[in-house]
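Here subunit A shows up in two complexes: once beside subunit B, once beside subunit C.
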Partner chain A sequence: MKKIVLLCAAGMSTSLLVTKMQKAADDEGVACDINAYPVAQAKEVGADADIVLLGPQVRFNLAKIKEQCPNCPVEAIDMAAYGMMDGAKVMKRVKEVLGI
Partner chain B sequence: MMEGLELISFQIISAVGTARSMYIEAIQLAKAGDFEGAEKLLEEGQQVFLEGHHAHAGLIQKEAAGEKCEFALLLMHAEDQLMSAEAFSILSQEFIDVYKKMKGNM
Partner chain C sequence: MTSEKTSFMEKFQAFMEKYLVPVGMKISEQRHLSAIRDGMTVLIPLTIVGGFACLLAVPPVPAGMEATNIFYSFLLAWQSWAAANSAILMIPYQLTIGVISIYVVCGVAYRFAKNYGMDGINNMLSALLVYLCVSGAVDLSTGTIVMARLGAGYMFGAMVIALLVVEINHFFIAKKIAIKMPASVPPNVAAPFNVLLSLVFNVVFFTVLNAVVTSMTGAGLNDLVYTLFQPLMKATGSLPSILLINFLMTTFWFFGIHGGNMVSVVVSPLTTAGLAANMEAYLANKPMEYIFAGAVNSVFGNWITYTAMLVIIFFFAKSHQARSVAKVAIVPSCFNINEPSIFGLPTVLNVYTYVPLLICSLINFSSYYLLASAGILGKFYITLPFTVPGPLAAFLATMDWKTMVLWFVLFVVDMCVLYPFITTYDKQLQKNEAAEGNN
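Up next is the complex of A and B:
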């Protein structure tokens, strides 16, 4: 079970993407636990995550979040995929990074 | 219809959110003394911001044409992000100018 953490300003817009990503993961038979949180909780929720993804509006925090979550990959979500709520595309990227 | 509005809201959030990040990164570059990089990011930010602005303007034009837009918290959030990005656009230019001045005086 892979733990995927999405971060944005308030955890609001990314929570919709969670639903889309979960559906894509279920369709492909990938077991994962996906949740959205506000960026302020990064250190706490990133501690046992397999990957941390940032929404475009908090991308400028990338370096700081990498410091707060040193044990897993941290990267920004592709802007086009985010704008189209393309859960499958974001999921594809996660699988590439995690090698699953 | 809801699906369409949700999508437009996300297009706005994604575009202006990216722009907002670029404006803040531009300030950070100026702080580090890279003014050329800062100006470039600022310019890129304006381009991305416009994408979000066009998506939003499309909704307003539709409403003006009598096609009422349904209220959604997500759209309100998108407009909130748009306003925040717009403010950062103005402030980042000011910040870069101040950093330039500081560098000249030191």
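Up next is the complex of A and C:
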């Protein structure tokens, strides 16, 4: 079970992506637990995550979040994929990074 | 074609990283400002509860209204029920917005201490104690606390004291000024002693400072801060300043950076204070003073424009990209979540959307501001979750149906402004798609 954490300003717009990603993951048979949170909670929610993804609108926080979540990869979500709420594309990237 | 697109995105990202990211980082990470912003964010649920209690207890019934139709008789029935139960109904309001400074001092001190990597609870309690000592709210002769002295007007005093107390605690820790306990003392026993010295210093220092200020100005520290912040609040709440703030917000979003987050370090303390002051005025039956209050510059800002943009696309656009984004984006947009449009259309680095967004933000806010300052429209005095759809939010936050009418008028105006820009952009997208198809 992979734990995927999505962060944006209030956790609202990334929560839209969560459902799409979960569906993509289920279709591909990847067991994972995906959740969206406000960026202010990065430290708590990122502690036991396998990967942390930032919404592009808060990507200026990247360096800070990397510091707060040193144990897992942290990166910003591709803007085009985010805009289209393309869960499959974001999932593909997650699999690349995690090597699954 | 695809390679061109990636290289554009790469260029864009490189540009952002070089120029805009550092600016964004600096603003959002300024530790005092971000502590105030995050500390105030914690209060939103409290202000929502307080606002609804206030609304229940004091329904918006104009004086002299008669039960001429079913809606009016409903309001009048509500009013007499509320009058009979107001003592109970007002408690949640009085204990939230009525004493909001208590929550402000706690929220800001906690967040600021966390920013420094210090213990949250200890700092929060120290700041609360110091604040109560200097608030002038405690009347020892009768053993009571005067709630009015912990209300909206004293929020700025609460912010300043929270920051100073934590700053002093941080200084004590950094300089290792503490009572040293032998190593054999268990850590849980030693911990309270570590903060004791700085707590004593804080209480003594601020009590003396408050006494000095009182003897010099006739009023305490809290009133002094209030007087100092008053001109700032007035200036920030003026039309040109709000238009500038909205211009900056739209511009940050143009670069794909969360504009609201960027300006909220300055904006949210002022709009929260304005909102709480308006509610106090409403309850005291006085005219409300602040137009720049609550979510006003979001509700009458670009939130209208993004939704209007999607409607234009549904009616007039033919390109595959615009139409498929609109399908994904329309429902979230009704609830004020616009990231799908922003990154999907995209409006990021898109001049065709940037120009009408700017024009619309100017028209939208100026219209509301001028009508509200002329006394034609109600002002914002109730907090709502930010996902409440625009027209409903305009109505519920002001309890004035005319603001909802203005919302729909502006929605149509925004569509007219958007029409030429969006259709031009759409033609370009169609051309690109046709070229891609030919390849």
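As a convention for this text, the second predicted complex is superposed on the first by the 100 of 100 C-alpha atoms of A that agree within 3 Å, B and C clash if a C-alpha of one lies under 4 Å from a C-alpha of the other, contacts with A are read in each partner's own complex, and residues count from 1 in each chain.
Everything below uses one rule, namely that a residue touches a chain if its C-beta (ideal position, glycine included) is under 8 Å from a C-beta of that chain, and two chains touch if they have at least 3 such contacts.
Keep in mind that this is a model prediction, so the values were computed, not measured.
Under the clash rule set out above, the superposition-derived model of subunit A with subunit B and subunit C contains a clash between the two partners.
Once chain A of one complex is fitted onto chain A of the other, the partner contacts of A:88 are absent, as it touches neither subunit B nor subunit C. Contacts of A:98 after superposition on the shared chain: neither subunit B nor subunit C is touched. By the touch criterion stated above, A:18 is placed in contact with neither subunit B nor subunit C. Contacts of A:40 after superposition on the shared chain: subunit C is touched, whereas subunit B is not.
Once the two complexes are laid over each other on the shared chain, residue contacts for A:64 go to subunit C alone; subunit B is not touched.
Note on the superposed arrangement: subunit B collides with the subunit C stretch 327-335, while the other options among 111-119, 183-191, 273-281 or 327-335 stay free of clashes. In the superposition on chain A, subunit A positions 8-10, 12-13, 16, 55-60, 79-80, 82-85 are in contact with subunit B in one complex as well as with subunit C in the other. On subunit B, the positions that touch subunit A within their shared complex are 6-7, 9-11, 13-18, 20-22, 24-25, 28, 48, 74, 77, 81.
Touching subunit B in their complex are the following residues of subunit A: 8-10, 12-13, 16, 55-60, 79-80, 82-85.
By the touch criterion given at the top, residues 9, 20-21, 24-25, 28-29, 38, 41, 253, 256-258, 260-261, 324-325, 328, 332, 337-346, 348, 386-387 of subunit C touch subunit A in their complex.
Here subunit A touches subunit C in the complex through residues 8-10, 12-13, 16, 40, 55-61, 63-64, 79-80, 82-85, going by the rule given at the top.
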